[in-house]
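These are the structures in question, set out in turn.
One chain, chain A, appears in both complexes that follow, with chain B as partner in the first and chain C in the second.
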Partner chain A sequence: MFRKFALIACSLGLAAMAHAAADPKALLVASDAIRNPTKSFVLTATLIEYRAGKQTDTNTLAIYSKPDPAGGQYRTLVRFVAPARETGKLMLKNGNDLWFYDPSNQASIRISPEQRLLGQASNGDVATINLARDYRAQLTGEEDVTDGDRQTRHAHKLALVATTPEGVNYRRIDLWLDTRDARPVKAKFYSDSDRLLKTAYYRRYRNELGVERPTETVIIDGLDPSWVTVMRFDAYAWRDIPETWLQRDYLSRFHPE
Partner chain B sequence: MKQKLTHAVRNLMRRHQRALTTLVLALRNLTRNRQRSLTTLLAMVVGVNAILIFGGYSHDITNEMQTDFVQRSGHLQIQRKGYFLYGSGNSAAYGIAGYEKLIAALKNDPVLKPMVVVATPTLQLGGIAGNFGAGVSRTVMVQGMVAQDQVQLRKWNDYGFPIAPRPLPLDGADPQAIVIGEGVARVLQLCAELKVPMCDAQPKAADPAANDAPPDLAALSALEGPAVHNEATRIEVLATNVHGAPNVGSFTVVKAEQQGVKELDDVYVAMHLPGAQRLVYGREAPQVTAVIVQLRHTDQIAPARARIEQLLAKDFKDAKLDILDFETLNPYYGQTNRMFSALFGFVFVLIGAIVIFVVSNTMSMTIYERTVEIGTLRAIGQRRRGIEALFIIEGAVLGMIGSALGVVIALVISSAVNVSGLNWIPPSRVDPIPLTVRVWGEWGMMVLTFVGLTVVAALSAWLPAKGAAKQPIVDALRHV
Partner chain C sequence: MSALRLSGTAIAVALACVHACAAAQDDAALALADAAPDAPVAAARPWKLNVEGGAERSERWDGSSATRYRYALDGEVNYRLAPELRAVVGARIERTAETLTAEYRTRPNLKEAYLSWQPGAAQVVDAGRINQRFGVATGFNPTDFFKSGSVVTSSPDPVSRRTNRLGSVMVQGQQLWDSGSVSLLLSPRLAARREPGDPEADDALSKTNSINRWLLTGSQQIGATLRPQWLIYREQGHSPQFGLNLNTLLGQSAIVYGEWAGGRAPSLYALANNREQDRRFRSRSAVGLTYTWPLDITTTFEWQTNGAGVAKGEDLTLGARNPLAWGNTLAWSYNLQEPVTRQAFFTYVSARNALVQGLDLAGFVQADRGNGGRQAWLEFRKRYDSFSLSLQWQRQRGEPWTRFGALPERSDVRLLVDLYY
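Take a look at the complex of A and B:
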């Protein structure tokens, strides 16, 4: 009798442990949902750039983002709000296509991948990237990691490898997710040649659109660690974004309400 | 036997009696005023020399440019269709897959084997070179090459110029070595390490009013450690791979080499082919943007091209490849040639004009002095045409002797220049090369000059001669 009880207790315990051992895919999906809202949304982003310890640039952007129904990358329309010399300029990101529009000379130009190697355009996908569809996750363990506020957190470490070379900018990503709630803490993005390109810290968690989301991303360049960009997101709101806004030809007629 | 020979010569002389007489008479007339004839001859000699030496000089410049282009980019290049015109924006899209098979086919083909000296692949891509420790970067044009083949390319010297092949710093260097232009080295602040001249340290204009970064960010940044920087000459090269994703490689600069043309010098980066292929194709099958073919002689371009077209049509039909020769690839060559042809034509016309003036002046004076003689000749039955012929032939003989002398002296002068050891630096080159003037061997130019100036001299005697022949006989006889 006692043996039977012990056996059941053991198997229940094992089952419980198996359940507690996290599924990397599920963790990844959960972390994606924490970072990126599931429906069309808008927000205001403030970008502050620091080079060699000095603040060099500040931009305020209005971002209109619509998820891809197939779970792929978001399509985003970015409007420059501040500083005054940049007001009204638009950028349309559609997968790997990036279009820039300048209202002062009514010119729209495609920015090729070569032209996005340096500068803020190279930071864009780090903040909004949707990992679950394009990456295969492997749980490599649990460790203590310093987060964006220089506190220690206990985190799952996931090793992500791109499943397809098309349309992904980073072949390999190291992702640290908090063990308690799958919150992304830190991520390291690597190139095809296994060189560190970007390090990102996700911090300033606030309740936005029903979920505790990281409203600030600190991006440190891998090649020049003294180049730091801080992206702060505020004024989240659900918003139906018409398909026309995400077309390149509509850029010249775009008007924010 | 001897009688027969003398008969034959006598018959020949009898048949061409008149022509022979005219020639002898012309020569004897020319010696009547030796000083005037000699001065005219001198003018012609100087004129012929000017044309031949300038012509020889410009031929040498052309051949030398050709040698330079053939050393750098071979005689023919095989590229994807459209790469030459559109590929500079996106070189990865114009890669040649399976290039090893193509090169093997070129090297083993029985028709091409005796003609081809080198067949080597190259990859060209646009990227960004950065010295991130110093916080500077620059867009560059990266050439991936096979060092051993490039050394072989640089040995080509079909025209026998007294030059030594340029050394290739990449040859023998380790796989991560690269060579950059001096302009690139200056922007990346590697002047001291690479001994680049004309380089002052540019102070970074730091905005004094800028805010400092908040301490928590500085601490996070510090966690990453300093920019990867073992040696002073280590730089990173960023490029987009064939899928549009960023890729970066770390390389050591072994030398900063001046490229001659400033625009090229400011963007030039040369590396080993595998390194460049890793940047663009990563772990996938590597490709190249061009296959360079160098032949033994430049005049083999047409048959070699025909044979390569046959090979491509037979085995590589799907690859959509094009063959371009070095003149298409380097429009500068054709432009310079055309400029020198125009200059040569201009010099020829100029000298021709001078010869016309000198010879017609001489002939006018001669004719004026021999007015009585002309009158006498006509009085005893010589036709007008005969008088004209007399003087035209005198002019022609003067021209022939002058041109012949001029050619001989030009040959002497050009040999003197060629062994003199003078040197100069042509445009878009960096090191001085010996000054050479190629007259011996340029038979076409010599014949053209000889015949041309003889004709000019004959023609310039024609007008005064016509005038002389028209004079009424009585006035001519009475001339004092």
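Take a look at the complex of A and C:
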């Protein structure tokens, strides 16, 4: 009973924030809170990649995320679960400090944010990111958009510009948030040269860890729209993550149990 | 006026078409997602097994050629015996033959076998045969002190050489904190005494535990993207060697790195020929830049130095004066995985999904400065979910007194299949 009450109160709170004079910063914070649990958690992500309508790759990842109380951003440890050739590999992301660990040669290698470990999804896409921390938001209007379920949604359109362009994957983002509750509906991500890199639809909303969250993101390549990645999130759970897990020297020691 | 109105209408129609086209493309993508199957969530398991099979054809310097067939089982178990205790075993069994029907030669290698006790989140103690690898560089790792003589593959690929090697028997303790760690390892002599990297070492313990040695390492995060690692290493009867590993990010695409080791040591020639009279402070280093280009292409350029190597022209002189002693020197340099010249250059290229989806390309050129010795290697690997196919090509160039010219083969082509379980 108390849980149900808390859920309703939480939803009402998010909706109130969304409507409160449509402050773009508050809207962005509210949508971040919908996408990301506010405490340490773990989930499983399945990435299915399509080229020209055919499935070309599948990866399963276990993602451990912990908010950094100092910086307000998340630190993320990604464990590759499937396919078999990738099993046991790890990626650690703390801002732009990125490390890749391969258990076969026990090497922890620093990688750059531009280096991709997966197909279309960037390392930043699989990591947990608070957009409100890295982007300045401007409300550019309200419009009807088609959501991931092909329903028309009335949405705030936010124009996000990176506050420190060298620290993020995308220089600017257009983000559509449902006017009723600040749920992310759709986003467009742009490069430094203002080229559309990808479009993302947030869908399959489900109650996870106390909040209705999108459990699927459909990513469409900006240059080749037939290149599609479906990211499905499952098995959400609160998980205490020790600080020592989130540093390079622990990668060879990490075991999922 | 009407022309202007007409062009305005045309632009509006064109924009509407673009918008409709984009909507149709998004709709098609969402339809794919609708049909995407719900894959069962795979559970972590304590073992991994690779089966490798293939054939290689090599060409010798005199133009003759040879074929070799090979298959290998490579497995690893990392099993939790108790909440704080794990057992780790990694082994590779490789069988090779000159023809498919000939008798196969079997080479079993126990790469690792140790117990790991972790009484808390920040303390770990390991004991057994452990593979310890150090270094941030790609082609030459001067701080990877346990690499000498431990490699059990003929592949020149630096990734393969780091993977396929024997661990040393040791005890090590590590203390971690939020932003760094310190560790101490002790590796005892368990076989007749000889210098690490001696080509005459034939059994596993002789290759890895022929001398008492210890290593102290420490690392600490400094700022957002700087994490140096310091090392002090000592072999019984020799001077301590000091090491430093450092790398950092430049922008979004570049990583610059440096690796250095130094201490009083003999030259490579003296070490290989038991001539101890030229001990002095010598440095080894590798400095490089890795840059990621669009389309998942990554290039690395690395400058390597070896203070124990020979100066320009010295290899020709030594080779002419005493071919046997110089041959020993080349064999030692191969086993130590060190350049034989004072300076060398290494470049590495890799590309994911090159030309077609799932096709990876990797290759390098190692060039020794001053004697024209070169080695080039190229791999095409097609990835599938449970297996991969790869075609590897390797070629050496150089006079017989250079480390690549002294290798028995001039070129080599391999076709391999790897099955993953």
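Keep this in mind: the second predicted complex is superposed on the first by the 219 of 257 C-alpha atoms of A that agree within 3 Å, B and C clash if a C-alpha of one lies under 4 Å from a C-alpha of the other, contacts with A are read in each partner's own complex, and residues count from 1 in each chain.
In this section, a residue touches a chain if its C-beta (ideal position, glycine included) is under 8 Å from a C-beta of that chain, and two chains touch if they have at least 3 such contacts.
Because the structure is a prediction, the values reported are computed rather than measured.
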item: Side-by-side fit of chain B and chain C on chain A, or clash; value: clash
item: Which superposed partner A:Y170 touches (first chain B, second chain C, both, neither); value: first
item: First (chain B), second (chain C), both or neither touched by A:Y50; value: both
item: Partner chain(s) touched by A:T199 [first = chain B, second = chain C, both, neither]; value: both
item: Which superposed partner A:N96 touches (first chain B, second chain C, both, neither); value: both
item: Chain B versus chain C as contact partner of A:L223, first or second or both or neither; value: first
item: Partner chain in contact with A:P113 - chain B first, chain C second, else both or neither; value: both
item: Partner chain(s) touched by A:T244 [first = chain B, second = chain C, both, neither]; value: second
item: Contacts of A:D144 with chain B and chain C, given as first, second, both or neither; value: neither
item: Which partner reaches more residues of chain A (counting touched residues only), chain B or chain C; value: C
item: Shared contact residues on chain A - chain B and chain C; value: 50-51, 53, 55-56, 96, 112-114, 116, 146, 148, 150, 166, 169, 199, 201, 218, 220, 225-226, 228, 230
item: Contact set on chain A toward chain C in their complex; value: 44, 46, 48, 50-51, 53, 55-58, 60, 62, 79, 81-85, 87-88, 95-97, 103-107, 109-116, 119, 146, 148, 150, 166, 169, 199, 201, 203, 216, 218, 220, 225-226, 228, 230, 232, 234-235, 242-245, 247-250, 253, 255-257
item: List of chain C residues in touch with chain A within their complex; value: 22-23, 25-30, 32-33, 36, 38-39, 41-45, 48, 76, 78, 80, 86, 118, 121-122, 124, 131, 133, 136, 159, 162-163, 174, 176-181, 219, 221, 224-225, 227, 247, 249, 251-255, 257, 290, 292, 296, 298, 352-353, 357-358, 383, 385-388, 418, 420-421
item: Touching residues on chain A, where the partner in the complex is chain B; value: 50-56, 96, 112-114, 116-118, 122, 146, 148-150, 165-171, 191-193, 195, 197, 199, 201, 218, 220, 222-228, 230
item: Chain B - residues contacting chain A, complex; value: 89-90, 126-128, 130, 132, 135, 137, 206-207, 210-213, 216-228, 236, 238-241, 243-250, 278-279, 282-284
